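Note that the chains take the letters A, B, C, D and E in the order they are written out, and that residue 1 is the start of every chain.
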Amino acid sequence: DDSKLEQLKEQGFARLAIANEPPYTAVAADGKVSGAAPDVAREVFKRLGVADVVASISEYGAMIPGLQAGRFDVVTAGLFMKPERCAAVAYSEPVLCDAEAMLVKKGNPKGFKSYEDVAKDTSATIGAPGGGTEEKLALNAGVPRDRVIVVPDGQSGLKMVQDGRIDAYSLPVLSINDLMKKANDPNLEVIAPVQGAPVYCDGAAFNKKDTALRDAFNVELAKMKKSGEFAKIIEPYGFSAAAAMSTTTEKLCSAK
Amino acid sequence: MSAPIIKIDSIAKSFGAFKVLDGLSMQVMPGEKLALIGPSGSGKTTILRILMTLERIDGGHIQIDGEHLYHMERNGQLLPADERHLTRMRQKIGMVFQLFNLFPHKCVLDNVTLAPMLTKGTPRAAAEKRAMELLDMVGMADKAKNMPAQLSGGQKQRVAIARALALSPKIMLFDEVTSALDPELVEEVLNVMRKLAAETDMTMLLVTHEMGFAHDFADRVLFFDRGRIVEEGKPDEIFRHPKQERTQAFLKKIIAAGHRV
Amino acid sequence: MSAPIIKIDSIAKSFGAFKVLDGLSMQVMPGEKLALIGPSGSGKTTILRILMTLERIDGGHIQIDGEHLYHMERNGQLLPADERHLTRMRQKIGMVFQLFNLFPHKCVLDNVTLAPMLTKGTPRAAAEKRAMELLDMVGMADKAKNMPAQLSGGQKQRVAIARALALSPKIMLFDEVTSALDPELVEEVLNVMRKLAAETDMTMLLVTHEMGFAHDFADRVLFFDRGRIVEEGKPDEIFRHPKQERTQAFLKKIIAAGHRV
Amino acid sequence: MEWDWDFVWQILPTLIQGVKITILATLLGSVLAAVVGLAIALLRRSPNRLISRPVGFFAEFIRGTPLLVQLYFIFYVLPDIGILLPPLVAGVIGLGLHYGTYAAEVYRAGIDNVPRGQWEAAKACNLSARQTWTHIILPQAIPPMIPALANYFVAMFKETPLLSAITVLELMNQAKLVANSYYRYVEPMTLVGVFFLIISLFSVILLRWLERRYGRIER
Amino acid sequence: MTDWSGYLYLILQGALVTVELTLMGSVLALIMAFVAGLGRLSRFFAVRALATAYIEFFRGTSIFVQLFWVYFVLPLAGFELTPLQAGVLGLGLNVGAYGAEVVRGAVQSIGKEQYEACVALNLGRWQGMRHVILPQALLLMLPTFGNNAIELLKATSVVSLISLADMTFQANIVRSQTGNTMLPFATILILYFAMASAISWGVRTLERRMARGLDGVRT
């Protein structure tokens, strides 16, 4: 049933969860929400007849519970598709794809190339957002829990690398690049992509009850992809439209 | 002779294991001025507090003006009094405390008008008129707008007396109303009480350590010890010719401590 | 006749803008028992507190036992006293307060031994022996191990007297030591003080509202009003034949309030 | 969302790790607060206004601003001036400083509550300033402070979740990690609540006991 | 240089949310404080038990857990609240529990003799409470209420947990947009302190006005 869409149309806006992690999601000085993921969502919803979107910034860890609790209608935050997540939410077709990167001190003193390298060096610590993909990747690569530091946001991660509190900070490539650009610190270096880490794609994540809304969203998204409008929105942020169009949610969700 | 206005019939009162009163009986006639004297801890205050229903009794009966104080008659049966019955009975009784217990957040006039306005629904204008008369009687009319904190102890006590009178009780209870006052201020309060005793036919019960005043004021004096009436009689009898040894010893001590009798 | 032990020379004392003492002078002879009486607020307590160095003076001089209290002589010059000088002078003076001020966390015995042990370095055994003698004198030897909270007011005051005596001061100051007590407890404290007055040749200054006691106790009575000595003389003169109008009015009021003179 | 007991048993050991850190931070923070509080209380009593005024202002400032922001400041801003503290240390300093200003008030009240007559009696007994403090004032002032201080330390315990903002892996942070890994928030967060409630109820009993034991001095 | 005035505006927007939360939370807290505080003094066991349970629960568990429950778990049970409502509810109920103890303490600290004077003047229970006890108790409560309001102000900084864009939250946004940590945090520290000072000034003024001619109520 599409009562959910009707309801959104009626109230005139959809509620987004975003993460404030440029270029995926961002808040401008005037408080306006931007970033590739919300921009796409805004356009799709407009085509669906929902005039506007309202975004609230949330921790990654709080997004899925918030979706389940009905706090948001959709998560558009670079929440990468993975089998467990696909089980918890209803994903749209892929939107933003990116590989993983690490931020380290200039010259990469510990010589990291992959998460396994971090695991091997028993004194190394790596920072990642709590509940994010990078945290899971590091843990799966064998980095023990107490060496994976949960960092609340990108700026804190950057600061902690600068201050030597952690040896590496891991985020998707474009996010790290954005941080680097703002910090403009010659003593830092980006390792991208991290070896062995897959390229992930995110999608708009809906409550499992709202598959009808998700399907409607997919229809409009597909139209935009075809018309090239999709590329026009995300490529200025550095994302590749081709990457998103070359794969499907079904494939990503069943990947091991 | 008319019927007694207060009839106390073998009442008992304990605090924990300590028996303060045990089978005490006494009667007070309308208009009588009674002084209760006796050593510290003998139960004088307790009796007044029981009459004011500030303490409950454990046994016995009290009748005020022919009606039971702590019991209600229903279909010929005596039941424990409920709050409504107590409220009605309390209208007959007023009390003045040792430490005045004025309401510190209300001015003198409001202290006096509060109870009539709330409990009897007297309109403000009427209540204030009556209050001013009473304040005038105790010589406090010119301080009607003062706050209690701005008064001396003696002035506070005079206001407290006016406040108790505002409800026009038939019985007034005074518990050591001058013992917290500076010696120099005692007299002004006693003067008010003398005037009160002379001008009204209210029944008055007075607990005091001021033997001289008790002598002048009272029609009858009761000497208490350990919750019992040891001796009673006209002031002259008690103070000049006490019969009981305990009374004699007490008066001797009081005199030695520098009080006039 | 010997030299005065206390010599107060036109001292002044203000609280804020309010002048309590203004050019007061008086002298006390060794062994003399002096009673200070007068209306509330006349500055009696203030004089005792100044002698005990609990308040500073704003002007004038005080000599105790021939030495300046608030000044030290250095090379012929008078300098303000430092703490060491004050400590030495305080050894000569003891004070008993209206509200006892016992140390609530120490037992009776420790209250009495504390000061000798700390300030004079008296060994515990000696301090306790002397303390027991003093407690015996005030009739409190059997309560030596009690805590102050377990004592009645009169008992507390007797302990406070023993505590002040433990430092063997030459001068004892008593500020209304019975006015916070129940009437029946007053006598036991006054008895102790009578005994003390009879048995020692200590100089004593006593502030009191107990005119009867002042009469019996004192060699000389000073009547104060508004920080000035209005009248002084033998107790009989002052109490029976006051010359000043102010004194007469004061005594009349006190008598009217029921106190014996 | 259903309550899942298997999941509860699975995550319990992880959460207990967090409880340990929480308790450690509270204990260290309490010790620091007790010391900092004493320092502030004494400095505020200083007759020298150049000392008492700035210390007073500092204490007011700390008490008027959120601990969370102070923690951010200690952890992320201080490194700019060369002070780099490990997360737990930064957290303990934040807690100690913040609650030290509360402890200072407790000390002040405790000392002020000793009646003036006691100071005067000490003087009449000719005790020196030091003797007065050690034998008369402090023995009376300290016991009533104990329950009040304990009260603040319990409050501190309940604010330790703030330390997650500076990456300390205390109970709340562990619970969030667990929640993030399994996308189940209800069980871990409820367990956190239960942990806090249990420890708080115990501390209520402890506080009542302290109050009875030390709360009043009979005069 | 970055667009500072724009970012300052963002922080001020957050300040508005903080003020809103503090005001509305305080109102709720005040209501709860009186309801539960007087409830604890009730003659009826059920009322007392209910009030006690509320107070112990909200003082016992941490504000973080409470906010979380209000925001994430209540909706599962069918209570849908906006973030602002959830924040006000969480903060108000939490601080109200502390305030309830203040109310109870103040009412109980009014001497027994005032109650007895009420009986002697034949005032009813509620009349005495309303006209004699509460007006006096209120003055005793005020300073602590002021402190509670400041605690509430500071606690608003944790509502970022439930994605409310308060001042701390906005400072974090500014920080991640500009890469500058020092400036946004210093700015909000000063703003928080200014708000806390405004609260204590207001309470002191109120207290002075109420205490006029009333010396001796508090001893």
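The criterion applied here is as follows: a residue touches a chain if its C-beta (ideal position, glycine included) is under 8 Å from a C-beta of that chain, and two chains touch if they have at least 3 such contacts.
All values derive from a computational prediction rather than experimental measurement.
Traced through touching neighbours, the fewest hops from subunit B to subunit D number 2.
With contact taken as defined at the outset, there is no chain that touches subunit B as well as subunit C. Distance from subunit D peaks, on a Cα-centroid basis, for B.
Ranked by how far their CA centres sit from the centre of subunit E, the chains are topped by C. The largest tally of C-beta contacts between two chains is found for D-E.
Remark: subunit A and subunit D have CA centroids separated by 38 Å (rounded to whole angstrom). The centroid of the Cα atoms in subunit B and the matching centroid in subunit E are 46 Å apart. One simple way to say how far apart two chains are is to compare their mean CA positions; for subunit A and subunit E this gives 38 Å.
Taking the mean of the C-alpha atoms as each chain's centre, subunit D and subunit E sit 20 Å apart. Along subunit E, residues 72-73, 76, 181 each make contact with two or more other chains. Of all residues in subunit A, those touching 2 or more other chains are 62, 65, 68, 152, 159, listed in ascending order. Pairwise, the chains that touch each other are A-D, A-E, B-C, B-E, C-D, D-E. Subunit D contributes residues 115, 117-118, 120-121, 123-129, 131, 135-136, 139-140, 217-219 to its touches with subunit C in the complex. Against subunit E, in their complex, subunit D makes its touches with residues 1, 60-61, 63-70, 72-73, 76-77, 80, 158-159, 161-162, 172, 185-186, 189-190, 192-193, 196-197, 200-201, 204. Note for the complex: subunit A touches subunit D at residues 59-62, 64-65, 68, 84-85, 88, 127, 130-132, 135-136, 145-146, 149-152, 156, 159-160, 162-165.
Residues of subunit D that touch subunit A in their complex: 1, 76, 79, 84, 86-87, 164-165, 167, 169, 173, 176-177, 179-181, 183, 185. Across the complex, subunit B meets subunit C through its residues 39-40, 178, 182-184, 186-187, 190, 209-213, 253-260.
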